[in-house]
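First chain written, first letter: the chains are A, B, C, D and E, and each begins at residue 1.
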Amino acid sequence: MILSRQKGRIVPVTERAAVRGLAADKDNLIWVDLNRPTQDDLQWLSDTFGFHDLALEDANKQKQRSKVETFDDHFFVVAHGVRPHQKSALDLIELHFFVGANYLVDIRHDQFEPLEHLLENAAQSRYLQQGPDFLLYALMDMAIDTYFPAMDRIDDAIDQMDRKLLETPAKDDIERISGLRKQLVFMRKHVSPQRDVVNALISRDFPAITSETVFYFRDIYDHLMRIYDDIDFSRDQLASQLDIYLSRVSNNLNQVMKRLTVFASIFMPITFITGFFGMNFGYIQDRSPGWWVIITVFIVAVAWANYWWFKRRQWL
Amino acid sequence: MILSRQKGRIVPVTERAAVRGLAADKDNLIWVDLNRPTQDDLQWLSDTFGFHDLALEDANKQKQRSKVETFDDHFFVVAHGVRPHQKSALDLIELHFFVGANYLVDIRHDQFEPLEHLLENAAQSRYLQQGPDFLLYALMDMAIDTYFPAMDRIDDAIDQMDRKLLETPAKDDIERISGLRKQLVFMRKHVSPQRDVVNALISRDFPAITSETVFYFRDIYDHLMRIYDDIDFSRDQLASQLDIYLSRVSNNLNQVMKRLTVFASIFMPITFITGFFGMNFGYIQDRSPGWWVIITVFIVAVAWANYWWFKRRQWL
Amino acid sequence: MILSRQKGRIVPVTERAAVRGLAADKDNLIWVDLNRPTQDDLQWLSDTFGFHDLALEDANKQKQRSKVETFDDHFFVVAHGVRPHQKSALDLIELHFFVGANYLVDIRHDQFEPLEHLLENAAQSRYLQQGPDFLLYALMDMAIDTYFPAMDRIDDAIDQMDRKLLETPAKDDIERISGLRKQLVFMRKHVSPQRDVVNALISRDFPAITSETVFYFRDIYDHLMRIYDDIDFSRDQLASQLDIYLSRVSNNLNQVMKRLTVFASIFMPITFITGFFGMNFGYIQDRSPGWWVIITVFIVAVAWANYWWFKRRQWL
Amino acid sequence: MILSRQKGRIVPVTERAAVRGLAADKDNLIWVDLNRPTQDDLQWLSDTFGFHDLALEDANKQKQRSKVETFDDHFFVVAHGVRPHQKSALDLIELHFFVGANYLVDIRHDQFEPLEHLLENAAQSRYLQQGPDFLLYALMDMAIDTYFPAMDRIDDAIDQMDRKLLETPAKDDIERISGLRKQLVFMRKHVSPQRDVVNALISRDFPAITSETVFYFRDIYDHLMRIYDDIDFSRDQLASQLDIYLSRVSNNLNQVMKRLTVFASIFMPITFITGFFGMNFGYIQDRSPGWWVIITVFIVAVAWANYWWFKRRQWL
Amino acid sequence: MILSRQKGRIVPVTERAAVRGLAADKDNLIWVDLNRPTQDDLQWLSDTFGFHDLALEDANKQKQRSKVETFDDHFFVVAHGVRPHQKSALDLIELHFFVGANYLVDIRHDQFEPLEHLLENAAQSRYLQQGPDFLLYALMDMAIDTYFPAMDRIDDAIDQMDRKLLETPAKDDIERISGLRKQLVFMRKHVSPQRDVVNALISRDFPAITSETVFYFRDIYDHLMRIYDDIDFSRDQLASQLDIYLSRVSNNLNQVMKRLTVFASIFMPITFITGFFGMNFGYIQDRSPGWWVIITVFIVAVAWANYWWFKRRQWL
């Protein structure tokens, strides 16, 4: 879809051939949104704006690292977000932007609702009332804002795990802990280069980015730094949870072994005693009931002594 | 609350409308303190001082990272402290400052006693007798000084844990250790960017910060560095404590298993002996008491030999 | 093998003596490919192009680190790839390039199919239609592209291990995990200096590299960064798998010990009871069948109570 | 105590009032040593030399981080050493220096013998024959040289532990290992900023430090780097010792469990056999002695087979 | 020993007094090699070449960190190698070099064969035909080349350990692993500063180092980088081996405990059965042989059921 701002009015452009003419007037603003572009689309971009083949190939192949690359009269940005409404943070949205003096081309391979919402309501939006740098800010901000709910979801899961480890630890906790860790590492892998990208947009001299818009990109930068800090903090918590989990496993083993030892320590001596008086020597056999009582008392005494010893040492 | 210094005298300003006029005279100093600002308050700030929407939004939303941002004729600082009188260091105070040529606006969402104390006793204080940079120093120093008692509390808890691990280790020690670690990591997360902020205030050219006040900010910087060093040192100690705790768990298991092994090693052979002579073969049955005595002595000998063997190997 | 481009046509050079003359015309392009060079070959290179002895020695000895070194009128690059069609990523291809104003010499000690394919089809290729920098790009790109299938192989193995750990963990999993980790560390060791090399080619002033070709080297740089990120991400996953594996070993031990404890706790008391009534006291012997039933019921009750206790505590 | 060098002669100054006058002559050298200064002392320093309140407060409060701070006509240095003759490296000496054009003021809160020795023998020492920078070098060198015996003590303890772990590991080894680690981390915490301080003294332009004295500070820098390297090396050794200790605990458990398993595996089957023939069936009872011999041989054979199996698997 | 090159001829210098005169002619080259210098030797160096006392003290004391220090008309380098023919990499060679415009003085406290070989065959060597920088390169290259056989020895030991861990792991493996790790950490500690030294020689402006010799120092730098990479790679492998070793210990424990549990699970129930029928109740006694057969079959069935259960769960 193609939108243009001509003398302050947002107008959809239906004829692709008209774009080159519109772009020639520096007061116009053109926004080209391409979802799953065809080879024809890319060829048209190349013809109209003169984008470099390598950049178009990147935009088409996806799975790129976040980066910003300057070309003669435009620059190329790759940004990422997390697909909203997903359970896992491992599902990325990748946006590619070509930003020129008075146009922005975005290429994506996926539905991205906030962007589509802006496309539909472009006429009412302030984002198209300024240069393409401000539109770039708006779109990157949308992408990066998707990290916050993802981060909240992970933080909730970590808090839940915190409680769970105290109450009812289970065997698959460790898989869940490392599943969360994987999501954090994955997010970090994508947030880290975006931070560099936004930092470059702020500090390097991109003529297309006005000093007013820089304030807005600084805001994105802060968001990314906060996400980054949160990721590190959460990773540290997961490391603690792993320690707690493993120490719980060890403690459980201790408990199990203590119980076994207590049982064995109590029953082994008294079983021996019964064995002793079970030996087939005539000398022991056929005695008076008194003997029987004495032995029974002795057995109880031995068992109770063992029990008491363990009780005092707090094994029970 | 709004205070102003006019010709050296500290005067409360009751009419907000007067602020703009007071600020026009560069010899005056204006201090605006806003606790939980309303949208009207923020609008008034925007109208009076021309603060950027993004900065006001940050100040309103809270949960910001420490940062310093320059705008045309003022700069914006976010600083943190730990809420005093709390058991845990996880409870932050967040202060936002707008510092102009002759005014300081602070926005907070919380009671912060040292600041309120200064507000009430502003007339007697030397902090309002200089520029807004010196007032900024005073307020940031208050915030950062809250880290020291928090740090002391954590260090005390670590020392206590040190003794506890030697005397009576318990199952929940690991949760307490990682609870302390979480506090340290949390403090580190907030101290680290503040260090960058203060460093920027010292080294970069903020015209609003006089070379005399830089000495004071250097003092804050030292405080932050010391807190940072202490956090790292304490984290290392907690890592050691975790090692000690886990090795204690393992050693305990060894002790339990040694006891079980000793019991089994002593009673299994002698129970076998009693079983042997409990077999129903006529050959053994109905013998003389001599046999009985010999077997009894043999059993005692076997038990004692086992006992002695373990004693010598220091299992008992 | 030696190829030259003379007035746009790709011509093989059969006479080595002709190379010096061809190189003198700056419009020509000369590509010398040496597989397992002899001392004579190296001597000829030294005589013809004036390469430094140390660089030629490096090219001959192999096992070099990736690097770029400038000499008076040429520069020397060492690049690596992974031998394709190998099971393990531990088998390297090492390529050495000497790049001058209008020539590229590559030295290798191994078959490298993409390069050989280019040699054979040079006439149809666009890679020889520009300067030696573009040919260098083409060859380095070939080398670095070999990392992607290697990385895919490793990622597949990691995913397989993920499923295996959930289903049927085995004793040698840890060797396979650390085998994968070794491959990643090995790749990282070789990718890391290559990143520096390509970064140097992009940013430093190599007059032989035109501003147009820099775009292509930036593409290689992106590839290396992505490989590097993937290596780090995969290493993290292997660390998680190690944690899972070790916790599984501990959990298994717990399970084993629980079973033992359950068995011992059930059978020790009832075996004691049988021992008790197996003692040779006339008082117990020769009683009525009623006794026998009572004891049997008692034994079943004790065994069942123990069983129920373990069931409730979820040991079974 | 106050010393001055006047025309090459070292003279104690008894009247504090005279110091200002002496300092006015740039050829004189004044050394003020204050141990546990009173508020009056600090006031006098402030009046005489114009030191900044914050620096004096630091010097008075102690527990500062190593740092160097420049003021208008002097600079302020905080340095640390280890109290000699102590068992633990956790006991610090803190020295504060104010260095001006022709004076050095040191403030300490502790006895420090090498410094006091120099004070007493100042007349014979070459350290007062040059500027205050050389005296600063002498005093800092004294402080930093105290690290070497402390480091030697720790290295000895580590070597001792190495031998101990091989011979007679004990339960409290882990506390001793982490005690040593704590000392190393503590030293590192104080050596690290001192390195930065000395580096600043070498490289930044402190007019008070002559190019000749820089050679001497470079020597201190080397010492600090060596201490730092040694601390890292020792920390790594302690990490290895922890691994060895923990693996020994695990191996011990294995040994204990193997012994238990061997005992149980030998005695359980033969005890079962005796039980089998202990059953009260007339069919078995009252048989010929031949049966008895066969069963006894069978029991010995089962026990020996089990024993042999464990022997071959090297469990015994 | 002192050598000089006069008009291209290498001549030993027997009279120390002549050295100053020879050094005055800038076309001569003087090489002074001092093994275990006496105080007289050092004094003579100081008198003849004007070396700084601190540098001479370093050269005499040994145990220095690798460094390069510039003085007015010469520079001072400390380099290290590994003593060849030693089993362990913990035995260092330390070389100190003073390099002036036309002289090189090396001080060592040890035999170092390659250097002595060069001394004896100096007349035939190309290393003395250029400036002192090229001689410095030759000697440093000799020192650093000693790391390669040491590294090979360690890599061989690691490979051996790899095989050993798979076949016959033993209790002292962990000591051997951490012994190897200690050697690597020790080498790293000495290689790391040497890298900085050689980098300084390459990049900083040492007038004594010609642009031609810089190529050779770059070669040394590559060697150091490769050694450094190899050390890191080997360290990572040792970390993997530690993981494998510890998991093997845990797996062994599992195996031991499984065997114990299997034995106990099989024999406890059937021993109970024999106990049950061993009770002295007339009701069971003196029955027909049929009972005996039924019970025997029952015992075998119980034992076999347990065995089968464990077999199916792959415990056996």
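Observations
Just so it is clear, a contact is a pair of C-beta atoms (placed from the backbone, for glycine too) under 8 Å apart; a residue touches a chain by one contact, two chains touch by 3 or more.
Given the structure is predicted, the values throughout are model-derived calculations rather than measurements.
Chains that count as touching both chain C and chain D, per the definition above, are E. Its C-alpha atoms fitted onto chain E, chain B is found rotated by 145°, rounded in steps of 5. Averaged C-alpha coordinates put the centre of chain D at 25 Å from the centre of chain E. Here the CA centre of chain A is 40 Å from the CA centre of chain D. Each of residues 246, 250, 253, 257, 260, 264, 268, 271, 275, 278-281, 284 in chain B touches at least two other chains.
If you draw each protein chain as a dot and join the dots that touch, you get one closed loop, with every dot joined to exactly two others. Listed in ring order from chain C, with chain E immediately after it, the chains are C, E, D, B, A. Residues 166, 215-216, 218-219, 222, 225-226, 229, 232-233, 236-237, 240-241, 243-244, 246-247, 250-251, 253-254, 257-258, 260-261, 264-265, 268-269, 271-272, 275-276, 278-284, 315 of chain D are the ones touching chain E in the complex. Of all residues in chain B, those touching chain A in their complex are 52, 54, 58, 63-65, 67, 69, 71, 171, 174-175, 178, 181-182, 185-186, 189, 193, 242, 245-246, 249-250, 252-253, 256-257, 259-260, 263-264, 267-268, 270-271, 274-275, 277-281, 284-289, 291-292, 295, 299.
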